[in-house]
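Common to both upcoming complexes is chain A, partnered first by chain B, then by chain C.
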Partner chain A sequence: MTALHLIPEVAPALAPVAGPVVGPVVGPGADVAAAVTPDAGPAARPAPPALSLRGVRKEYPNGFVALDDVTFDVAEREIIAILGPSGCGKSTLLRCVNGLEPIQAGTIALDGASVTGPGTDWSEVRQRVGMVFQNYELFPHLTVLGNLLLGPLKVQKRAKAEATERALELLARVGLADRAGDYPRQLSGGQKQRVAIVRALMMQPEVLLLDEITASLDPEMVREVLDVVLELAADGMTMLIVTHEMSFARAIADRVLFLDAGQIVEQATPDVFFTAPATDRAKQFLNLFEFRTPTKKTASGRGVGHRGDGARPERQPRGPTPWPSQPTPRPTAHRPS
Partner chain B sequence: MPDLGLNVLFEGRNFVRLLGGLWTALWIALAAMAASVVLGLPMGVLMTSRHRLVKLALRGYLEAIRVLPQLVLLFVFYFDLTYVTGVNLSPELAAFIVFTLWGTAEMGDLVRGAITAIPLHQYQSGYALGLKPSQVQAFVVLPQSVRRLLPLAVNLVTRMVKTTSLIVLIGVTEVLKVGQQIIDRNRFQYPDAALWVYATIFLLYFLACFPISRLAQTLERRFAV
Partner chain C sequence: MELAVFREYLPAYARAALATLGIAALGIVLATAVGLVTAVVQYAQVPVARRVAAVYVELSRNTPLVVQLFFLYYGLPKVGLVWGSGTCAVVGLGFLGGSYMAEAFRSGLDAVEPAQTQSALALGFGPALALRHVVAPQAVALATPAFTANVIFLIKETSVVSIVAYPDLVYVAKDYIGTDYNTAEALFLLVVFYLLIVLPVSLGAAALERRVRRAGFGA
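Presenting the complex of A and B:
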């Protein structure tokens, strides 16, 4: 799994660092960022973060504030999992980073260069920041190969032979070598999403944004997609991952950002976040993914059934979890299926 | 086989004349359709515009054309136009103009529908690859719109062909008119000529429209997403 080299272009100037590289952290969760590992040698220049957000604010015309003073850095080769309840602004955050949503305040910088000015060439930025969507969004009128070649040929003006060779190579590596001539409608959801990942990789991005890429998939297809992402991680791809797959986030992320109501409430390494979250809101959120027998014995006194009325005496202790009390997001991978 | 009404079709050049009439109808319908496609595409694109005034004007045009029966439009352009302006259109030209006005409105609405049916995410997916807005239109939106549009446009052709049966009323000698002439001319030799002539016209319309209709179905299935 190591020698797959899905992204051979990432030949970093820095020596590969073993531990998670946590950039300078500002914001409410700054105290947990003590685990900074200045592991790079003293000769290494202080490279600007691959991606840097400062005080980003996203407000919709109707006055709804989707992101409020969001500030964080992403180091090269770092993988960040963005967690939080539905509607907390996770997806909006990703969409702001590659300009699908304009922001109202703050700056976003790639490799130290701001991309939030009025003269931003978004076409150029988006080539450097790849994005994969929840619903794959392959182009239905093009074959798999056509989907993969559109960007390289029309945007990057690359040679068709070279791009085709690259596309087939990447398809083979995600196990879809024989599907190049198929149309998206002939593929399963998991296959479509793998094609969508390859399509983003074709542009040779520096940063990859994954927006709930397994949320529309059947449980048995989630794995094949996440395996591809794990390979990318092994190859050193810098990634921002919005996901509801908690165990996946814990395994792959160098750092977890917990968003609630448009703000970064907490950021920590996955081990810290999942075992000892610092904030109550993070605890409440993580509790949604825990399934306990429905007794009243909970740590915080509110527990899973947080509807307010703790008393439900005639409930069978071993019965199924009372479904209506489980709000979104659904813990897909943890659901007994 | 005495006095079989069917024989009326083979008197003189009757059958050829019927075919000629059908050709007149088809020719007007197809020419109007071609013009409608040329004019309807920009109209449909404009109908998706954000300018309220543009939208309102085109919407008004579409609704005006839709609420008026084609026959009224034909009379307006053939009789009233001459009466008011003194311009004397040939019935064929008047028919062509009316069918083009109608076709442009319908085509514009179809184009508008096909464009707005492309989900926003398809645009964003294109933008996310670095495509410029014009490239997204050219490589993502238009190809998909055309695929949605083609079966609907082909259906519009059959509707036009059928509606040409009205132009007899402004004096175009199309297939129906030729049929009536044959019936009247042979009223005494072939009293039941009407049955056979109209049956033949029925068959001719069917032969003209059925393949077009099938083509629409095939396209629809072929481009199904």
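Presenting the complex of A and C:
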């Protein structure tokens, strides 16, 4: 794939590292902070992590503790998949990172500078940390171009000509060059989500937070959105991705964070996490995405789904959207022999 | 009914119609301004101002315009504030209409998905910028039907301003009935002139609502 440069200024690699910069590979329970630190002399001080959370605790006003002692680092250009059962705190985690939810304890730092102090300029932080939502949240009263320009013009006070040029360029790269003048209601879900991604990119963020951005899409539109994310990954965008697309997570992530009941239960490379999860909770979670081959009944003239003899109807397994470019070997342990 | 009577009355009714339109227009502008401020103060939960706004809304909505006008015209001079009947009419309409407009705008603001604000904040908008560029434009569209209903309501409410001696249509009609006893003609012209004023506004309002609906904001 040719580099599409969805990100304008890809920051230079931290150090003269050979090959693609991949996130630190850590096993469960490993000290991430230590793993990030490259072995370098005093002259080449290690760059601070792009994003760093230490002991983050989120308690909602009703007393519910949604995040408990969450600690992890994200290196520049690293891609983290955040997985976990519904209600475990994934969205809360992303919302805490860009200050949409205040945290009750711990620190969050961007490029080594804390953004949890009382004097934090959240507008500035949120320009550096882009976010894309499940339901796109485009502005319905503005055209696609209007959606893309509002932030750059009103928040960043950039020149209209420059911002427009950039917007059209990015729209072309996500295949929507001819939709600049359309209103959001005229777009399909997949197109809306691609516009939402471009809108976030227009602010030139250093980190991108994606919260289940394909969860509201019809299956045939999932791919077009995930392809855009893959291109971002190729361009070196640092990303935190909450997703239920397991094969996508496995393909794109440098590291998987598995969250349960507000705590990081496990973190590992995708290969390790998906083939040999260390914790029971992760195993249980992954089981949800496995489908046992239904026991075939003897051939009969019955149509699929016909219910008879009290037997369960045969169904087409509907797993997560297939991700053909990256065949995922499924763990065999859970299949019936 | 005598045609000659109509011809005689017409100029006075025309003048009164203009006078009615004048205070209606000024009253609606004032009501809209008061309503906007009140709605934003309540939406943004500005500490003390929102209490004041809440008291104002209750006071304004739960007293008749006639009483409000009496207060302005006969009450204020007791504290040294003497206003002409025109000023009293406009201020009265603004005071009454402000709360109705505030409710219209507030319902519009409340109808905008909170996620819209979240998404603006996530782009780095401050709360004020988000309100101005993201929430307010959608709220205005959503509030349009309630707003136009209030405009028509306020035009019709002008019919009580004659009690503070403002020379509006009702004032002229009462005058002719009292002096000439041409009740039928005077009332007929009164109806016709109110229709001449309100009907175009109603049609304009319907067209505006259709346009806003077609724009499909919030959809």
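The definition used in the following text is that the second predicted complex is superposed on the first by the 262 of 337 C-alpha atoms of A that agree within 3 Å, B and C clash if a C-alpha of one lies under 4 Å from a C-alpha of the other, contacts with A are read in each partner's own complex, and residues count from 1 in each chain.
Convention: a contact is a pair of C-beta atoms (placed from the backbone, for glycine too) under 8 Å apart; a residue touches a chain by one contact, two chains touch by 3 or more.
The structure presented is a predicted model; accordingly, all values stated were derived computationally and were not measured.
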{"item": "Three-chain arrangement built on chain A, chain B and chain C clash or fit", "value": "clash"}
{"item": "Which of chain B and chain C A:Asn135 touches, first, second, both or neither", "value": "both"}
{"item": "First, second, both or neither for A:Arg126, with chain B first and chain C second", "value": "both"}
{"item": "Partner chain(s) touched by A:Ala172 [first = chain B, second = chain C, both, neither]", "value": "neither"}
{"item": "Which of chain B and chain C A:Arg199 touches, first, second, both or neither", "value": "both"}
{"item": "Partner chain(s) touched by A:Ala276 [first = chain B, second = chain C, both, neither]", "value": "neither"}
{"item": "Chain C-contacting residues of chain A that also contact chain B", "value": "98, 100, 122-124, 126-127, 130-131, 133, 135, 137, 139-141, 150-151, 154-156, 185, 199-200, 203"}
{"item": "Touching residues on chain A, where the partner in the complex is chain C", "value": "98, 100, 122-124, 126-127, 130-131, 133, 135, 137, 139-141, 150-151, 154-156, 183, 185, 199-200, 203"}
{"item": "Contacting residues of chain B [partner chain A, same complex]", "value": "121-122, 124-132, 135, 139-140, 143-144, 147, 223-225"}
{"item": "Of chain C, residues touching chain A in the complex", "value": "113, 115-116, 118-126, 129, 133-134, 137-138, 141, 215-219"}
{"item": "Touching residues on chain A, where the partner in the complex is chain B", "value": "95, 98-100, 122-124, 126-127, 130-131, 133, 135, 137-141, 150-151, 154-156, 185, 199-200, 203"}
